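In the two complexes that follow, chain A is the common piece, with chain B as its partner first and chain C second.
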Partner chain A sequence: MPNNSIDIIRILETKLCGKPVQIIPGQLGIVTVKASVEGYRDIFKVLIEADEKTAISAITGIDLGANIGVFYHVRTSNPLLTIQVEVPKENTTLRTISDIAPSAALHELEVTDLLGVTFEGNPSTGHLVLPETWPDGIYPLRKDVNANEVKLNPEPPEEKSDEGKLVKIIIGPQHPALLEPEKFAVFVEGETVRKVEPRIGYVHRGIEKASESRTYIQDVYLVERICGICNSCHATGFVETVEKILKTEVPERGKYLRTIILEVNRLHSHLLTLGHAGLEIGYEVLFQYFWRDREPIMDITEMLTGNRVISSSLTVGGVRRDIKDNDIPKIRAVLGDLRKRIPFYTQVYRDEPSIRARMQNVGILKRDIALKLGVVGPVARGSGVNIDVRKDEPYEAYGEIPFKVITKDAGDTWARMNVRMDEIEESINIIEYALDNLPPGPFRVKVPRAVPSGEAVNRVEAPRGELFYYVKSNGTTMPERVKVRTPTFANIPAFLTTAIGEPLADVPPNFVSLDPCFSCTDR
Partner chain B sequence: MIDYLLLIFRVLVFPGFTFIILFTMFCDWVERKIEARMQNRMGPSFTGPNGILQPFADFVKLLTKEEITPCDSKKNVFRLAPILALSVLIFAFAFLPIDGTSAIPGMSFAGDLIFVMALVSIANFLLFLAGWSSSNPYSSIGAARVLTQFLGYDIPLVMLALTPAFLAKSITISAIVSSQWLPFLILAPWAFVLFVITMQAELEKDPFDVPHAESEVVAGHETEYSGAKLAFLKLARDVQIVFGAALITVLFLGGANGPVPFGFLPEFWGTLWFVLKVLGVVIVSEYMTVLFARLRIDQVVRANWRLILPLSVLSLILTISLVYWIYPLV
Partner chain C sequence: MTNLAMWARLKSPWVIHFNSGACNGCDIEIVALLTPKYDVERFGIKLEPSPRHADVLLVTGSVTKQCTDRLKRIYDQMPQPKFVVAIGACACSGGIFQGTYGVEGGVDKVLPVNAYIPGCPPRPEAIIDGVVKLLNALAASTKKAPKAASKEEPALNAEIEVTEEVKPDAKQ
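Our next item is the complex of A and B:
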């Protein structure tokens, strides 16, 4: 539970006394701080001094009419807090905070790309999600943009290369090591990686913008399409945010059913990654075994929701269908079978010499660097950072279900994969506990179609880590702004850091240990 | 006249070209089936009974595909490398006494073991040329890895191949085979184990298949190949794998010698034993391939210089001391 939430507010009040800031408890996260263009950098300094776990969860840019709002969503030890800054549209320049909090660099670049706020001093340049041919001066998330008037430049600007003796090896957009299109330019000296330049945006579908022209119910299904693997987590993230604005309480049974669906989702995602890691290091047997055992999990998803992959079973106010009583023994049987196989897989991942040769001491992310970069999920837990939204800020039924947060201290690829391995067992425990203690009663409540004006933030623990949602409503049936920050987006800096100085052959296992999901990253 | 016809038959049909190609495809099917069953898959099932014709179907399909030669490639080398690699390997095969004698009677000469080992290196070098001539970054890296790997592992391979030569006191393959009334596997098991591991590295199979690491270098030296050239390159690789198994059979498992001598049809029984032994080696090698993850190039190179090479030297010293001082006493 957020036990030091009061501390954060008190620290802010004492340290920022006399500065031109406005501290409002509640609203977006535990506290919302309204700051001026001059003073907002000081708040980060204060927070980072006060709490080592301070990191930027997301930066939301929002068109407020005459101004552009830049909302820094900061997570500290437990709660989330928001720092709001507004810049006029005539002069959209801010100072970067990436020198104070390095985790902010990519987030700032995205705001630059989509809303045209420039951050002085940000080391990254160029487009992040928009194509190279995108015309200057048009920012798609501003409200005054007319999609029909956007004319792409015919020729993309030429790529400059001034890397001297380094050899540029391009991994992606199409490459056997990547399942989805994304480009990483790796600069090598001999076999050693010296620099990595990411270029994401190959699967940018503008879902944030598209959700502004759909109703809330349609948006549930739209945001599920952000990621096929962790689709239920996206749906949960969105519906919980809307429920926060509506102040709707989901019935207990609905919460438990959601928890079951989320954990089944996690099981299937983790099995997928553990198998895929085998493929990356040339261990096909491992891949085939894990993916065979993933099939019954997909069958569970079908039993629960009617769909095998995109579950489409969550809705604002609860879930769309109840669990059938005669399905419960079947689900238990499948989970029992999987549980019997876990010790074998754990042994393989822990002791198999060729796995250890390829994964141990590869991509070491030390705890302090992990904190600085603000990584999330199994990547952070593999570096000994004890963060898990399910524990830190319990949602759905997680507050009532006992489970352990798995952490490993080594911080290498092997530790990250073993965190996932152990989390499979925890997930089985959670599902079985939820099935045992499934409360009776209704599983959904009816909610109005139009959502009153308001805004809310929400976090859920997706299989890949903390998934962040921000929704602003304007009283109609369609949201004003939806912001999604996916876990892979937060974890990419970890890869950019750990790949440097390592052999080229370590890039694929290191990369897959982040469990990258690019359609998530690009949205 | 009959002699000439027999010679042509021996070169083209049995135990020459046709037999080697068909046997290679059969071994390929066995490998694929084993790998599939170990991975909980069916493997080839539709082409022919139990999918036994699948390797042949794949070969024919590749022959019908469009061939693309990259503009920047060294075209002659690019075109010649696959066919030369295949030819060299089949030529080397002709020296192995599959049915008791080599493909051309009288082809075998004193010291042909060294010659065959040289042909293996040439075949590997041709695979390197295939990648190097493609002028594709992935091919170049793959080719460089082929070269790094086979330069390193050739030394222990030749050193270990000398073990049977010392045991038989001859470097002629036929003499080595005929002196194995007791397979050298039993006389020098340490050398056999090392030879099988080194051969695994020489054939670029897991855990040593870094030149084919598709998550790093796509298809390695094969990346730019397509159509018939790819078909021949793949066939050359399959022949190479079977040749490696056949070399192990000849040097350590007694070649065409059976455990029980049969008076009638010695060619038939010899071939049968040879084929069974090669299949046994192929199965063991495929088993290793499936069981391990791929090592990194630096780990592969280090394993050679720090482990395999010193052990090979020790093995050679042990063999020589056994052959000249201990076995004569027994």
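Our next item is the complex of A and C:
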């Protein structure tokens, strides 16, 4: 049960009484706290003491003209807080909060990379998403920078490993086990992994900057292409945020249709991962089985939206097309067939000796570490952390649909995969319930092209976990700033922690159990 | 010997897949090609993990600045003759990401491309069709000039563009 009894605002008001902090409930998602450069660290200390589920959801950097705004979006049991700090462009230095909340380290590095705010005391260095050859002092998300004309530095020579006895094994960027170009330097001593150094950013296209020069409608298509697998979730995250600024209410039928599309998306993504995990442990038959059963789900997606993969079905104000009456029995038939297959797959994932041998007790992430690292989605639920945005902060029709949040306590690779396995059945239940109770009426409302000034945050439960969106509008047809924090970004620290001390051969199953998606992470 | 190699290549092209900055949409469609519904292995098309064994390079996604060098290196590692297929709108032209600061452009900015398969993402049937058209063009060029596979130049300069939408075959 999400612990809603903790009154975060009361605690903040009592503990921070007399400090230069301004609490504004209601704006920017739920609660905004304006803090000074001196006082913001105290807020995190208070929050972490008060609520074990406190984690940094995202850190948004934003160019405000003379100042750079750093917005810490903090997830607690209830609600989502936004702590705003501003620093002048002449002296963009802040103290890190990664010593208080370890989940902040990567988020801070991203703000340093893209906006040039230095966080004193942050252990991570170098570029995060920009290439290593990116010239110093050019921060693409600042408004006065034309990053298109940037000339990259020449490629530096390969560094020699100075790790002493450790052997450096480089996985990627092109590697049979990776579908995406990412590089991991794994340092091993004998067979045991001692250190993992990720190098992400190979898929960094600059979508956040690009969205500032496109209209809101064009942006829906752009953000869908952050990730082809969970594209509907990205579209939902964006359009809901814009609807919050517009104060538009989507018709009931539109909400139900969105819910159906989102759950079909989750089904295809979970089947993909469960199959892919089979491939990683050398169990290719399982991969072929799962992908065979995934094809009818792709057909449903096509029936609902017109496209197999990238649905382009959601728009600001509702969905773009209604469900056809004669398609509903076909969708039910496919779901019925999949439901019949589930007991078999569940049995395979639970009892099959080869799966248990490769996944059980591999990559154990204990509950307290999971809370500390702020992991999301099936990774958190596999460690017994009960978080699911669909329940914690219901959006679309999820508030009206009954479903269970699956959690497992073991925290290993096996638990994470079994969470996904059980979620498939829940998704089928949700889709069937939504089809049974599909309300009549319109599925879309007309919205103005220009969005009034304002800002909003929004969270969506993507197949990989909590997906975070922040949009700031300025009264024109184009947004001022769009910030996306994707679930894999929040889950990477879990892999870096759990891989240490395990054999090299356990790296692939452990890694794939996060369901990593780097086109999301890099944007 | 060249003829034998070309015959083998036409009957069973080995492909390597590289994601140079795609959104995963095209990539999962390429993986779907290997699965029971489409099953391209029955045509002898085999997904090969190493560039040193591959005949055809399938590139998905717009080429990001950080991937440019990697893509060139993979192409250089492939043995002659080699062919490049750009899969998806982004690989063909940069697509929706054209003009963003992280993106160099389409694949043809970096490598010579032999076949373009548009779509966002292209259906698996369209990808099969594109590869088959490439093989047909290759077969035709072999008949005209049997010794085309020289070591200096790619054998095929014919550029094929699959423009028509391929109808899904319901009985697949």
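Definition applied: the second predicted complex is superposed on the first by the 508 of 523 C-alpha atoms of A that agree within 3 Å, B and C clash if a C-alpha of one lies under 4 Å from a C-alpha of the other, contacts with A are read in each partner's own complex, and residues count from 1 in each chain.
One rule holds for everything that comes next: a contact is a pair of C-beta atoms (placed from the backbone, for glycine too) under 8 Å apart; a residue touches a chain by one contact, two chains touch by 3 or more.
Computed from a predicted structure; not experimentally measured.
Peer 1: State whether A:Asp506 touches chain B only (first), chain C only (second), both chains, or neither.
Peer 2: In the superposition, A:Asp506 contacts chain B only.
Peer 1: Can A:Arg358 be said to touch chain B (first), chain C (second), both, or neither?
Peer 2: Touch partner of A:Arg358: chain B, not chain C.
Peer 1: Would you sort A:Leu152 into first (chain B), second (chain C), both or neither based on which partner it touches?
Peer 2: In the superposed model, A:Leu152 contacts chain C only, not chain B.
Peer 1: Spot which of chain B and chain C makes contact with more residues of chain A, would you?
Peer 2: C
Peer 1: According to the stated criteria, A:Arg292 is in contact with first (chain B), second (chain C), both, or neither; which is it?
Peer 2: In the superposition, A:Arg292 contacts both chain B and chain C.
Peer 1: Which partner does A:Ala333 contact after superposing on A: first (chain B), second (chain C), both, neither?
Peer 2: neither
Peer 1: Shared contact residues on chain A for chain B and chain C?
Peer 2: Shared contact residues on chain A: 175-176, 288, 292.
Peer 1: Chain B touches which residues of chain A in the complex?
Peer 2: That would be residues 169, 175-177, 191, 278-286, 288-289, 292, 352, 354-355, 357-358, 503-508 of chain A.
Peer 1: Which part of chain A faces chain C closely enough to touch in the complex?
Peer 2: Chain A residues touching chain C: 131, 140, 147-148, 150, 152, 155, 173-176, 179-181, 201-207, 209-210, 221-222, 225-229, 231, 272, 287-288, 291-292, 294-295, 298, 308-310, 517, 519.
Peer 1: Spell out the residues on chain B that touch chain A in their complex, using ranges where they run on.
Peer 2: Chain B reaches chain A through residues 35, 38-41, 137, 206-207, 209-210, 213-216, 218, 290-299.
Peer 1: Taking the complex as given, what residues does chain C use to touch chain A?
Peer 2: It is residues 18-29, 31-32, 35-37, 49-51, 61-62, 64-67, 69-70, 74, 96-97, 99-103, 120-121, 123 of chain C that touch chain A.
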